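Should a chain be cited, it is by its letter among A, B, C and D, assigned in written order, with residues numbered from 1 in that chain.
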Amino acid sequence: MIPENRKLDCIPVGRLAIDINTPTMRETFAESPSLRRYVGGSPANTAVGMAKLGMKVGFIGKISDDSLGDFAKSFFENLNIDTTHIFRAEKEVPIGLAFTETLNGKTNLMMYRSEGVADLQLQCSEIDEEYIASSRSVVISGTALSASPSRDACFKILELAKKNHCCIVFDIDYRGQVWKNADEISVYYTLAAKYADIIIGSYEEFSLMDHIIADNETDEQIADRWFSENAKIVIIKHGSEGSMAYTKDGERYKIDIAQVDAVKSTGGGDAYSSAFLSGLLMGRSIKESLELATVHAAIAVSQPSCSEAMVSLPELEEALIKAKEKSGELVTPF
Amino acid sequence: MIPENRKLDCIPVGRLAIDINTPTMRETFAESPSLRRYVGGSPANTAVGMAKLGMKVGFIGKISDDSLGDFAKSFFENLNIDTTHIFRAEKEVPIGLAFTETLNGKTNLMMYRSEGVADLQLQCSEIDEEYIASSRSVVISGTALSASPSRDACFKILELAKKNHCCIVFDIDYRGQVWKNADEISVYYTLAAKYADIIIGSYEEFSLMDHIIADNETDEQIADRWFSENAKIVIIKHGSEGSMAYTKDGERYKIDIAQVDAVKSTGGGDAYSSAFLSGLLMGRSIKESLELATVHAAIAVSQPSCSEAMVSLPELEEALIKAKEKSGELVTPF
Amino acid sequence: MIPENRKLDCIPVGRLAIDINTPTMRETFAESPSLRRYVGGSPANTAVGMAKLGMKVGFIGKISDDSLGDFAKSFFENLNIDTTHIFRAEKEVPIGLAFTETLNGKTNLMMYRSEGVADLQLQCSEIDEEYIASSRSVVISGTALSASPSRDACFKILELAKKNHCCIVFDIDYRGQVWKNADEISVYYTLAAKYADIIIGSYEEFSLMDHIIADNETDEQIADRWFSENAKIVIIKHGSEGSMAYTKDGERYKIDIAQVDAVKSTGGGDAYSSAFLSGLLMGRSIKESLELATVHAAIAVSQPSCSEAMVSLPELEEALIKAKEKSGELVTPF
Amino acid sequence: MIPENRKLDCIPVGRLAIDINTPTMRETFAESPSLRRYVGGSPANTAVGMAKLGMKVGFIGKISDDSLGDFAKSFFENLNIDTTHIFRAEKEVPIGLAFTETLNGKTNLMMYRSEGVADLQLQCSEIDEEYIASSRSVVISGTALSASPSRDACFKILELAKKNHCCIVFDIDYRGQVWKNADEISVYYTLAAKYADIIIGSYEEFSLMDHIIADNETDEQIADRWFSENAKIVIIKHGSEGSMAYTKDGERYKIDIAQVDAVKSTGGGDAYSSAFLSGLLMGRSIKESLELATVHAAIAVSQPSCSEAMVSLPELEEALIKAKEKSGELVTPF
């Protein structure tokens, strides 16, 4: 499923943006004259996580042609992420922004983006077959499908990734604000998921994807339908109850949440994906990769930032040992 | 491939519009103070052709809420085409128009449409699974894929048609004016063609569809690639040199053009599709259906209008006998 | 108020479009397979009317770059209207269309236009001070103010016409379909009318223009307000009850409708404006110019076309003599 | 020129937004993980300045329906600015943002706005004549004219302010990013300036406004042209060389820049306007009002924030005394 010996291990595709948070994530925007800025965006966080875990990571995306874009690019360069296929939008096109505060005890995320935002301006003409062919895997996350021309570019990437036998990962990553209606989501998620070798999403995200043709499916029904397309691994998350992993060969795992003192509800998914994919790319078993994933997610939600919460492989492995000491096995075949 | 015994034989989807031509199609717009108006649009012509050949035909589309829309709808009703799923656009949204004249000896087609035109306003929310399930086949033509929300609605139709085992026909019908760039065309044509049981297009249209992943393919290579998806019949047209039909089972046919005194270069494709599909739906062999198709196309290009050139089954069969008497076999297996 | 001895007598500005009517204007679009095409658009009709009456006429506008645009331009050229400042829109931008039929005894006008239509694409950069300075008068009609960039270009023309002492005519010509809300109409009509030496409109149009700051005004109140800006002549039309003309110097005229067998309700306004302005430009008195105006309007509504109904000065004068013989004085000072 | 005894002294109109700056304004965005947030937008800064100087201030504008909008509104409420006519945009419409850093020794301002931004969504239907009539003055700043529907709403405000004898102030405040071309700027600035009793702008801004009809004018020519419209006071700024004030009655003043250690180049204009208008509204002479203006501007550019740099009247008067002790007279009639 995953080719060996290519220049890059993985190319995440899509949103590379700026997160602006209140400093400790325990106060509101109005309460805090001071703020913190981080690099953000789901595929960007995945790229950062994988790079910190030692993978050779590239990226396909588009940023603003200003100092905010400069910051995002230099942050990637400092982590040795390949930025040769991160394009600059036209003047005055803004980079995506997300403001996060804690309001009445809850994480309050304000997405500052629109159809005009830089990441959604990625063009088909910017997609280079050679670059895709140089990577063992690509990760498409759902937001990049929300509007053209980025949507069109993603399907071009999927077609070229399939032609060049890259492992295709679809990380559903649903953000309600960017879509026009539920059918539109279902249509384009379905079209993308048909290409994928690995599909990762919450139960709600799978239900949203399938709602045109199915209702109230079990995890097994969901997994089986995608196995009848191209999928080999399907991971379905159930929030605080953990997640379930299925393989086309018939393996099944229940993955528990690693206990943690969470400061926010975001970023866990990207940490999960980056550790799981890094595990597979390093040649670890599915079970081992899932262990790394759930512990990485726990680390990410305990920190105010997403991208800056990611850790190195030795740190992650040490955290995994501690988590098992504390809670026993995290991943159980059934 | 085609289910039996449903309420409708076929539901074409998409553009239902008005054609405005110079009276004999031998003069320009500036030369002729008088004009003729017809119902037009590729899937509308296909619907008309199939209805005249005796099929039970429905339609999914959207027209203007004015007298031009009224005319289009009443023209369909007079042919017993089911219009229950032809929706009205909001006030001031125009129906598509095409002006055709003869300029310097050539057919000059002026498409008066834009992203705002009624047929491209078809919404996902207007797509009804029960209606699709009531038909033996659906026909998607390329123009309906050129812009959202019509594009989104087409993919919803394709997903529901597949779920309900309708025979899915993709009639590529490329119109350059409505697309933004060649990659966009390739991306969405490819996504639609993957669903299709029958794909009909010119060699140029197939090349346009495949250009992201292939170049200079032979007819056989094109057909084989689509047989590796869902296609069972692939028809590739070569202009004045006739067309080639391939089946997944290995049948192959060369179809000659029936000789005719053409007055225009448009409308032949819709006549071809409507007769070929009607033949298959009537239970005729592929060879017999192709004979009807090529003769129907010849009739259509010899008349100023497309929709009004379509004929009844007895007329078409008589024309086929005459064409064979004149030119010998039109369809040759090889 | 009107400068003498310039190269052109008048430059109407704005919509140059195509009218497509049923042949006798006594049948619907669905009833009539045959149609007639004419040049149309309010300022285009005004240009045609003035040219036929012997004026030296120019035009500032934008048409489609296709055969429909060619027809519009050649029609103007045949009338010796200067077309050097009629620009071509980009490929695929349509010329404005208006379909007219008679439905249930009433004229039914379907405007086929949108923000993307050629006439609304007129750009500030296309406006040439020298051309404006070469004309004794300019006519702005309301539709050209309905959307940018045409709106912006009109205000540039008004500013340059004022600087160069052209007589500025504002022909309100309200078309509901092209505006977003009543306040937007009032705002931009008011801004334009402040520049005008002559304002012509129906009572409803003046009320629409003034509704932000005034309600239920009398004709005298309306005229006085505009005299406190730049206006010298204000003409207020009251449909079948005729029209009222006021001058800043205190002249007042009641103008009766010339009796006629009308086939449609459109085109009379353009004929009225073209004859009234031609009269003034020829040096006729206001009373004489109003007589020509009301008779010209009567001729226009008795014909299926607007532009082709316009007559020569001898024909108009003969019609005026006949109208007076039949009905007595048409214009009465009071 | 300014009516007495109304409920409010002034209603600024337009942009109420968020400024996000590096903490000391001496580092770049990439250098500083920590940021500071302030309320911003030119008319918002003017409102804050006038409120701190003791004026009764209202506001007409539109903000996002989220925590950033909440912060902006509560900041105004804490200063007793009336917020009853600050509207909320629809969900997902962002409030305007401006990021400011110091890059290579220069203030680098990144405007994060687009046609979709909340402040440009102000609608004509939200403009209430009674509210305008309750204020002695209104301030329109240029950015609110850059796009509809905000542009349309501004002209409605201007028409109603004129009808109700409010003092109309036009603060040109040009921001290049929000306009499409130079003629569009000139057209709409000119239309707005014609209503104004007081016009304040830089020489470059006046030149931009007038460029369709004039070039290379002197300050006197500029002032005289606007005195021939409705203006009574015209203030023309010349950057580091100070500013010039002219009245229709023939007064003329040269105003020097108060010496200061500037940390940024923005915010001085809003401080200037707010103090000058407050002076006039308090009944101070033009000369005294100009003294307050230039000292207030000096204070604003010496602080990282604009809105938070504004001072109270006693502080401003003390600063004026000190500035005069240091530099002598700041305002000289000539």
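Simple rule for what comes next: a contact is a pair of C-beta atoms (placed from the backbone, for glycine too) under 8 Å apart; a residue touches a chain by one contact, two chains touch by 3 or more.
Remember, it's a predicted structure, so these values are computed and weren't measured experimentally.
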item	value
Selected from A-B, B-C or C-D, interface repeating A-D by over half of its contact pairs	B-C
Rounded Å distance, chain C centre to chain D centre (Cα mean)	41
Centroid spacing, where centroids are CA-atom means, of chain A and chain C in whole angstrom	60
Length of the line joining the C-alpha centres of chain B and chain C, rounded to whole Å	44
Numbers and ranges of chain B residues touching at least 2 other chains	none
Chain contact graph, described as a line, ring, star, complete graph or other shape	ring
All pairs of touching chains, each written as two labels joined by a dash	A-B, A-D, B-C, C-D
Residues of chain B touching chain C in the complex	20, 23, 28-30, 32-37, 66-68, 70-71, 74, 92, 94, 97, 99, 101, 103, 108, 110-112, 114, 116, 177
Residues of chain C touching chain D in the complex	124-125, 127, 148-149, 152, 155-156, 159-160, 163, 180-181, 183-184, 186-188, 190-191, 194, 212-213
